[in-house]
Every structure is written in structure tokens, then in C-alpha cells.
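Note that the chains are named A, B, C and D in the order they appear, and that numbering of residues resets to 1 at the start of each chain.
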Amino acid sequence: MKFFSDNAAPVHPRVWAAMQAADAPDKAYDGDAISKQLDAAFTALFGTDCTALWVATGTAGNCLALSAMVPPHGGVVCHREAHIEMDEGGAPGFFLHGAKLLLADGEGAKITPASIRAVIDPIRPEVHQVQPHAISITQASEYGRVYTPADVAAISALAKERGLGLHMDGARFANAVAHLGCHPADVTVRAGVDALTFGCVKNGGMSAEAIVFFAPGLADVVRFRRKRAGHLQSKGRYLAAQVLAMLEGDLWLDNARAANAAAQEIAGACGSRLIHPVEANEIFVILSPAEQDALRAQGFDFYDWTAPPGAPGAARLVTAWSSPPREVEALARAIRSL
Amino acid sequence: MKFFSDNAAPVHPRVWAAMQAADAPDKAYDGDAISKQLDAAFTALFGTDCTALWVATGTAGNCLALSAMVPPHGGVVCHREAHIEMDEGGAPGFFLHGAKLLLADGEGAKITPASIRAVIDPIRPEVHQVQPHAISITQASEYGRVYTPADVAAISALAKERGLGLHMDGARFANAVAHLGCHPADVTVRAGVDALTFGCVKNGGMSAEAIVFFAPGLADVVRFRRKRAGHLQSKGRYLAAQVLAMLEGDLWLDNARAANAAAQEIAGACGSRLIHPVEANEIFVILSPAEQDALRAQGFDFYDWTAPPGAPGAARLVTAWSSPPREVEALARAIRSL
Amino acid sequence: MKFFSDNAAPVHPRVWAAMQAADAPDKAYDGDAISKQLDAAFTALFGTDCTALWVATGTAGNCLALSAMVPPHGGVVCHREAHIEMDEGGAPGFFLHGAKLLLADGEGAKITPASIRAVIDPIRPEVHQVQPHAISITQASEYGRVYTPADVAAISALAKERGLGLHMDGARFANAVAHLGCHPADVTVRAGVDALTFGCVKNGGMSAEAIVFFAPGLADVVRFRRKRAGHLQSKGRYLAAQVLAMLEGDLWLDNARAANAAAQEIAGACGSRLIHPVEANEIFVILSPAEQDALRAQGFDFYDWTAPPGAPGAARLVTAWSSPPREVEALARAIRSL
Amino acid sequence: MKFFSDNAAPVHPRVWAAMQAADAPDKAYDGDAISKQLDAAFTALFGTDCTALWVATGTAGNCLALSAMVPPHGGVVCHREAHIEMDEGGAPGFFLHGAKLLLADGEGAKITPASIRAVIDPIRPEVHQVQPHAISITQASEYGRVYTPADVAAISALAKERGLGLHMDGARFANAVAHLGCHPADVTVRAGVDALTFGCVKNGGMSAEAIVFFAPGLADVVRFRRKRAGHLQSKGRYLAAQVLAMLEGDLWLDNARAANAAAQEIAGACGSRLIHPVEANEIFVILSPAEQDALRAQGFDFYDWTAPPGAPGAARLVTAWSSPPREVEALARAIRSL
């Protein structure tokens, strides 16, 4: 029973079907008929003109988007525990040619105007120090916390004031929107986001994310950067098909709702064990080593986490669109019985 | 009737089947059971210990392999018309942090010890000039020409003498081996190749190539570079499955033989129109604009090519594992009738 | 008797004097009173608003200027034998983060609109190929040839038409202007140049060149890039003093005239030995190995050069502002006597 | 009366004299007779074979040294307030091609084995996280604190254990050695340092630092990197002369002793105002805004500093080899009178 990562989940049947329907020969790269539908599909989703490019991984999506906003001598403000800082093997340094991540604090791995200011205000506006050029936020955050439209708008207001781009790493964007119950535009373009990495892989896809550009000009740069990074796949139609399948009939939201509901069921069993409020599909819980062993002995698989001060141990549990209800229920029961 | 590119071809049914068999949840990235089989599978294929990493594109495969051989201040000798020079959007400059391509000549887009020496011998061995650190050859070449084991061994001897790494871009490696009829090791590890980009996408795969390392140490660096380049997919098992399916029962060779046979059938119809001997699955033919129009009017799709001096026009025709025999036959007939 | 390189020449007494006058404590970096005079001095020289930054080397000057015009995924058109291509140890790849040099031909190491078009017209305007973003020309060229105002204007017209920046590597700009007898603006800003590396080191300076920006916006980027490249010296006033001394009383022109005159005197002795017309301070001559030995035996030092086809050997002779008239005369006599 | 920065100080007369003695024509770059003496001079100083390269700035020296130890996908441990992190405009990101600085804590801007371990031990040894490849320490530190031979040896032991290179930023190395009274080798090569940036500019030089390599192999890489970074000056003899003049007759130590003594005199006047013990030539003092104004009104120039928690304000005072005794005395008196 896998609660290790949503990356372990299988591919959704409708995504498989769309990929197979893309099998007919067509133009290479993104010249095919399916890739050409992406802009329109996202324009319909967000209710505003936008440009979308498929890419195989979130790391590539995040870093390519930022590479159009930040010169090599610039910096990107992000949370101290953001994926781009902690888990991308230095990819921002590669894609941004040595630009610097400027690390902000914030509860639940969410940054705020105040925590951003605490990082950028002390930067002397001269050549000895790296100047900020963009802000990147993660929706939902590394601790499964969700930025509300007001949260994003406040950050965007600061970004505009300081002339910074605003990027959203949406590896779990679907889970965030499912939690918020808002229109996807409310928490992105209407709140001032310039580019969004729209995650699919953790949510029923196989190997395709989309970078959605709301600000003009960025996509034209990223097209070149994507090729240059070896991310322009020659049979791109299979990636485009995955993304379109996720949008079709709001599969992306349905899948996220399923994962979130599973997470809520488990969270309900955790009570005071919860380290963070559960808003998306990740549950961070205090579990002593003995308790972890007990759960593992019952067949539950999950990720060790660093215990907060004073706690005997901790774990990260992740649900997915495909988490079997029986297993979710079993896990909730097992935690209650600890 | 598509003779435009082997990138347009569909995915082979056995590749599809392997991907679907990979759907069960497993560890993320390359920690899954299928990815772990790659080393053994290529060790069996080449008859020598080797390490293999999946990657989504040939551009990434080529550049990642070279990034382990060439420091940022170094250079790579390749043919003036090599894919890494002409068609990868500057990817070597990105992955190798500004290292330089040193361009050699050679008939049929194949370089030779003599043409390599013509490039590197004039380089003064001092800091004002970029020093060569590796050689990259394309098998089959951009003009569908094949390096024999003796060709490769001669280049490798020079590489060893000068302390240079040797990389083979094998986007159409299968077509080359099918043409040569040799053991795949004969034209790679036994001939002194250090790293091979083993192409699958043009040969029945969807989104997976393999970088095969014969020289020790290189793979350990590339593992970090792959992640850093956003090329470590979280559901890597679907890429590993593609590669293994290509090796299983020598599907890679069967597919290449089919494509090569189709190319031979068409080449047989071209006679003195042929610009290059046809050894793999690409046919470069002299066709006047009127002849091109005539073929297109009959439903044949292909790529315009730069005409050689004195010729009225030219085209590139590419066959694939999936080229329907009827269409191949029809094209041969149509060319004969021009 | 040194005719090896103008880099070997001593520092001009007036430059020494200016450096010593800068010895009083002042603000660090470029906050000092002398550095602040640079903009005005070049504005006066060129008769138009410009911004100037000191930098220690021509390599840094060229590459920093280009770094503000060319994104990492772009390209720079230059002559196949340009200093940035042949003699800067790959510096453009470093400063431009992997951008590509696109090599054009041209007699005397001068490129032309036609030779530039021959390089850029075949580039398909799509992501698989590196797109040009700037043109760099060397004044005087690597063969001591000089671009006239009309030459530059013609290249600039093409640059404007294609949206490319125009950079001039003026390591020997003074020699070129001395030869042309024109106003320095005629061959730069009035002819459409965006940024000029104004050379001083070969012309009586010690360790300071100036990057002069005619196009707005570029200097603001380069200020950051200069610091980031370790080229913002903490005692910058000693560099600023050198540059100002070169401008003061047109020392730059006087020095260049002296060097050019010496070159003309030697050229007059070379007759049909000359490989290129002598316009600046470099003389390329056909000299057989025996003749080279004979000259060296008489105490003349110079640089071996690659002989043109059919010639028995060749050498490069370089004069400087400080070439002693007696030695120049002696060399001319010695060549005549061969 | 300048206590703003040791960068403001003039050039020492013996350095001037050595530069002028270098004025005779000689080979360009580092092929001249003076540059060739550097290795022997540092070998004599440190009592062990070493290689030394001149370079114009400390930023370039630090980053070039590190570039030979750290691959683009690696990391460098340094103090959170190290010059390379705070004040070099992102130069490490440039020279190291996006490698990451891993920030450690430590009193007085000195890192310790424990604080280094606190940074590197949590790094998972896998591709998702940037792995450390080197440690960089600043001697004297950003707060004028000095690493003892035992301090360095302890860090070096950890470095060896983890396979990390050890670099020392010695912008104020002379001040540190003058304070310690030890042999310069005791705190470098005998304590396990691989490469040292030996500062001259703040200590009587004009535009030359030396990178001293104790570990073999590093200098050969850096020679190429120095050229590629535009830091191989064509008239390098003027830089070599500066460095040799600093070593000649231990001028480097005499100058540092003078600066340190001046700092001690001022420190003696500061009493409990001192924020850090004064070991080199920097004094960090608590001064209220009114006190700062009072001192400035008396003609003393210095740098504002961030006040420690609870303090009304702070300033940094820096002495130099050239600080006039009368001005030092006056400042001490003025502080006592506050």
C-alpha cells in the first residue's frame, strides 16, 4: 500500500487512451495537430489568452519559465524549502546560468510579502550584490499548504512594485485549486502570475507538464530554451495528448479531488499528530520510530520526514488520484489504532 | 504517405505493451525495478560491463554524455554538419557550459583521422586557443552513411593518442548495425567508443533513448547532470520499459532492418539521382522542383534538401520501421516513372 | 629589436604620470572621481552621449559588451579569424553562457554584408538552429585592414534590418582612425555601432581598455556583468586614469600615428612580399625560413605566420607607438637587403 | 581621514618602483621574465613547491581557484556572510557555471567543522541535492577574525574525510599572518589548504593578487580558465612585478603589521563598543547615529554597518598600511571622547 509519493501512481486510463489516439504519424516536435491545440485549451481553461508549452518534467518546466524572467546575473526569491532550492539538483543554477536563489522564510513553506521583503530589502541596489528579478511560489507548497487568491495577489502586488516576474510552480496546482474551489484563473492570471508550471505527472499523467504563460513574450524565449535544453521531444504529440486529456472534462480537477479526499480521510485519523494543516494531498504526521515500524509491518509504505523539535519522529504520507479507497481507509484505521 | 521523418512514425506495439506493463506503482525516478534492469540488458547486448541511463531525447543524450568528457573550457571535434552543430539549438553550448565545437570536414558527413587532424593539429597547445577534449561521431551520419568498425577504430586510435574521449551519437545506431551486419560491440566498445547515445525514438520508441557508458566514471557524473538538466523523469519506469522492449528479442535490429530494406527498395529506383550511397534509412535524391511537385501531388510527403552544385533540386526521403510496404513500393514506382 | 607584438611595448610616460596622480586615496571600485570622468570624456570625443566602463583586457571588453546584446541561446556573427573566435580561449562561450559564434568569411579578415548574409540567411528561423543576435567586427582587423565608415555603415544597415546589435572590437581602433583620418564617430556611432571596445593597452596603456556604449541600456547590464566576472577592480581609479591619459591631448591618436608611420616605413621595404595592404601597425610578409633566420640573426624579433599557398614562409611584424625609429629604419633596410 | 576601506589606500612606493622597473619590453601575457619568477618566490615563501598565478582581483582569484575544484553540478561550503556569497555580484555562479554556495554559520564569520557538518550532513547523497565539493574560508574573516593553524587543520581534516577541496580567500591573509605571528605555511599548506588567494591590493598593491596552488593539477586548469575569463592581461609583467614587490623583504608582512597596529590603537579606544575582537585591520564598533555624525563632522570617513540587536547603530572602521599615525591617533582620541 503505497503512500510514498504521487509520482509512483499509474497513468490514468483516459491519458493512456489519448496517447494511443496520438499514434498516427504526424509532424515532429511540436508541429503536430495535437500540440497546436494546447494554447486554445489553456486559453479556454483560464479565460484569457495564454500560450502553453509541454515539457517532460516539473524541474524543466520551473527552470525554463524562470529562465525567461531572470538574467544570469539576477536572482529569484523562493522559499528556503522550495523544490527548486532543495530537490532539483541545482537545476536553477544550470538553466539560469548561475543566477541565484534568494531564500525567504514562511510558515508551511509559503512565502509572504513580509518574508520576501525581509530578503530583498537588505540587498544594496548595486553591482556587488545579486538583484532579484523574479519570485517563485509553489502551489501547493512543499508542506501541502495552499496559497489563496488573496495570498497570491499580495505577493504579485509586491512583485509589480519592484519590477519582478512572478512564477508559480504548480506541480500540485490541481490539488490546490480543488482545495480552494475557485476558478483556476483566480489564483493565477487574475492574481498576477506571469507563468505557471501546470503539473500533470503527479495527477494521472505519465511524462508531460505544461508551462502556461500569461505574460506576453516569455513563451517565445522559452521555445528556444526548451530545444536548447534537450526538452523538445521529437514525438511531442504524445506529451500534448497527455496534457489535453488532463484538461478534457476537467480530469485534472477530478483526480485532484480524489487525492485530496483521500488525504482528508487520513488526516481525520491523525488528530494532534498533524504537523501542518492538510489542504492538498500530503499529510505530515508525527510518528515515533516504533509507530512507523508498526505501520510498515502492516504493509504501508511512506517517506521518513525530519521530526519537528521535540517530536519523536515524523513521516510524509502522500495520496494520489489512484489511491485505493480500501487502502486509504485501512491506513486511517491503522493510524487511529496506534 | 509519409517519408518526411522517422520521427513521425508511430510507437511499436511491443513498446506500447511494455509501457503498459510498467503501469503498476513503483519507486519514482530511476529507483524502480525496470530502470534497474538497464545496465544488465546493455551489458548482455554489448558483451561487456556497461552502465546505461535513459533520457528522453537524443539531444539530451548526446550533450549529457559529452558533458562528462569535456570541461567548460574545452572543445569537441565533430563534423561540420553534425546534428549537435546544426540541429540542437545550441544545446552543446548549454550542457557543456560554453565549450566549443571544433568542426571537421569529411565526405558523407563522416569525419576521418585525417580530417580530425586538420582541425586539431593547428591548435596551439596553450591557453589562447580552445583545446580538444573529445570527438563525437554520428552513426549513421547525417547523410545516412555508416562508420565501419575499422573507421571507428582508426578515429579511436587518434583519440587515445591525443587523450580525447570518443562519443557516438547513435540516433540511427540500429540502422547502422543492421547495415553492417556486425556485432554491436564491434563498432562501439571494441572499437574504442567511450559513450554511445543509443537511439530508440526514431526506431519504434516514443520518448526514450539510452546513454550507454563503456568507460568507467562517466555515468556517475551524468547521473547528476541528468537531474540538473530536468531530465530525470519522476515516472522513469515508462522510459526504461521502452528501452528494454527495444532490446527484447532484438526488436531494435528488426525494426532497423525493415527501415533499411524499405530505403534500399526506394534507392533502387533512384539510380543516378542518388546523392549519397544509401546505407541506412535515409535517401538523398536529386529531384527538380517539378518532379517534387509531381511526387507530392501523388501524396508523397518528404523534406526539401539543398541541391548539390549543378543539380536542379533535391529531397530527403526517410523510411521507418513502420513504412507500409505498399507505400514504399508506390514511391519507388513513382520515382522510376519520373 | 622587438617587432613581435604591440603588447610588449612599455607604458607611455603620460600614462604613468596619470596613474601616479591617481594615488591619493579615493572611493573604491568605480566610485572615485577619476572613473566618474569617463562618460564625459568619451562623450566629448565622440560628440554624442555615451557611457564608458573601464576593464582590464580586450577579451573582457569584447565579451562583456556582447553579453548585453546576445542571450545565452543566441549567436554572434564574426569573421572566421576574429580574435574572439581564435585567440580568446573560448571567452565568448563563457561570458555569453554558451552562445555561438557564427563564422563569416571575408578578405583581410573583414566581413561584409554579403559574407554575413551567407552565414545568416541559411539559418532556419526556428528553434533547432541558433539565431544571430549581434555582429562583431574588428577594427583594425586581424590582418591590419581597416573598415571605412562606409564599410561599417553597410554592415550596420544589415544589422538594423535583421534586428542585430553591432559591436566593434577596437583593440587597434586608434590605428584604424589614424589611418582613416576621419572623426572617430564617423566609423562608430555615426555608422551605427552600438558598443566599442576602445583599446589602450596596445597603444601606450598598461592595463585598461574602455567599453564605450552608444546604444542606451547596454551599460546598465554590463555594470553587473563586469562585477560578476571579477573585472570590477577595487582600485579602479588607476584604470580610469590610464584611459583619460590616452584621450588627453589625443595621445591615443598620436601614438597610433607613430606606430602606423613605422609600419609604413617597413611596408615600403617589403614590396611584393606583402601579403596584405598595410593600413594599421601590422605587416604580414612572405619570408622564407632562411630569410627569417637572417633577420633574427641581426637581432629582429617577430612572430612566425602561416605562409599563404605557394609561399616559402611568412612572418608578422608589429610596430608600436614606441618602436625606436633607428630600429624601424634598420629593419626596413634589412628587409630590402634580403 | 579615510577609514572607509583598505581599497582606498595608495600604492606602496616599492610596488610603484617594481612596476616601473618592469617597463622594458618583454613577452606578452605571462611569458615574461617577471611572471616566471612567481612560482619560485612563493615556493620560497611557503617552503614547499607551489604554483602561483597573478590575477587582477580577489573575486577573480577566489572564483578561479574554486572553479578547478568544483564541477558545475557541485557545491562550495562557505560562511553565510562570506565575500563570495555577499559581495561578489554572483561571481561564483558565473565562474563555477551555476554551482551552489552552501551556507554555514559561525561566530565572527568563521566556519567550524561543526557548522560545516550541520550544512553537509543533511544533504542526501543523491542526485536531487547538490553535493559539496569544496570548502572556502576567509582569512581574515569578514569580521576581521583570524583562523588559527589549528582551526584550519580541523576544517581540513573534515575536508579530507569527505573528499572536499579547501580554498582560502586571503584578501587579508597578510593581516591574519601578522596577527598570528606564525609561518605563512602553518596556516595554509601545513594545515591542509589546497589553494590560497593571496591578497595584495588591500595591502599596498594596485591591481594584482596571486592565486597560490599547493595541490598539484589545479593550476593547469586555472591557466585556461583565467584566459577564458579575460583575466590574462597582455602586459602581465606589471602584475607580476607588484606581487614580487610585496614578497620582497616581507613587505607584505610589514604593511600588514602597520595596518594591524593602527587597528589595535583604535580598538583600544573602543572598549565595550567593540562588536568583535580586533585581530586584523577591521574594527566593528557600536556607534549611535549621533556619534557617527560627530565623528564624520571631525572629518573621519567610514562605512555604516548593521547594528547588532539592541545596539543603537554600528560602523566598520578599516585601517591600511598607509593610515597616517596622526589620523589613527586622532580617531582613537575622538572615539574616547564620545
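As a convention for this text, a contact is a pair of C-beta atoms (placed from the backbone, for glycine too) under 8 Å apart; a residue touches a chain by one contact, two chains touch by 3 or more.
Owing to the predicted nature of the structure, the values given are computational and were not obtained by experimental measurement.
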**Report entry** Co-neighbours of subunit B and subunit A - touch as defined
**Finding:** C, D
Report task. Quick one: point me to the chain whose Cα centre is farthest from that of subunit C. Result -> A
Query raised in the report: Once you find the CA centre of subunit B and the CA centre of subunit C, what distance in Å lies between them?
Result: 42
Query - Separation of mean Cα positions, subunit C and subunit A [Å, integer] - result: 50
Report summary line: Averaging C-alpha coordinates per chain, one finds the centres of subunit A and subunit D separated by a number of Å equal to 42
Query raised in the report: Distance from the CA centroid of subunit C to that of subunit D, rounded to the nearest Å?
Result: 34
Query raised in the report: Mind pulling the subunit D residues that touch 2 or more other chains?
Result: 72-73, 88-90, 93-94, 97, 127-128, 224, 227-228, 232
Query - Of subunit C, residues touching subunit A in the complex - result: 71-73, 97, 127-128, 131, 221, 223-228, 232
Query raised in the report: Which of the residues in subunit A end up touching subunit B in this complex?
Result: 2, 4-5, 7-11, 16, 20, 23-29, 55-61, 63-64, 88-91, 93-95, 201-202, 206-207, 224, 227-235, 238-239, 322
Requested in this report: Would you tell me which residues of subunit C are touching subunit B in their complex?
Outcome: 72-73, 75, 86-90, 92-94, 96-100, 127-130
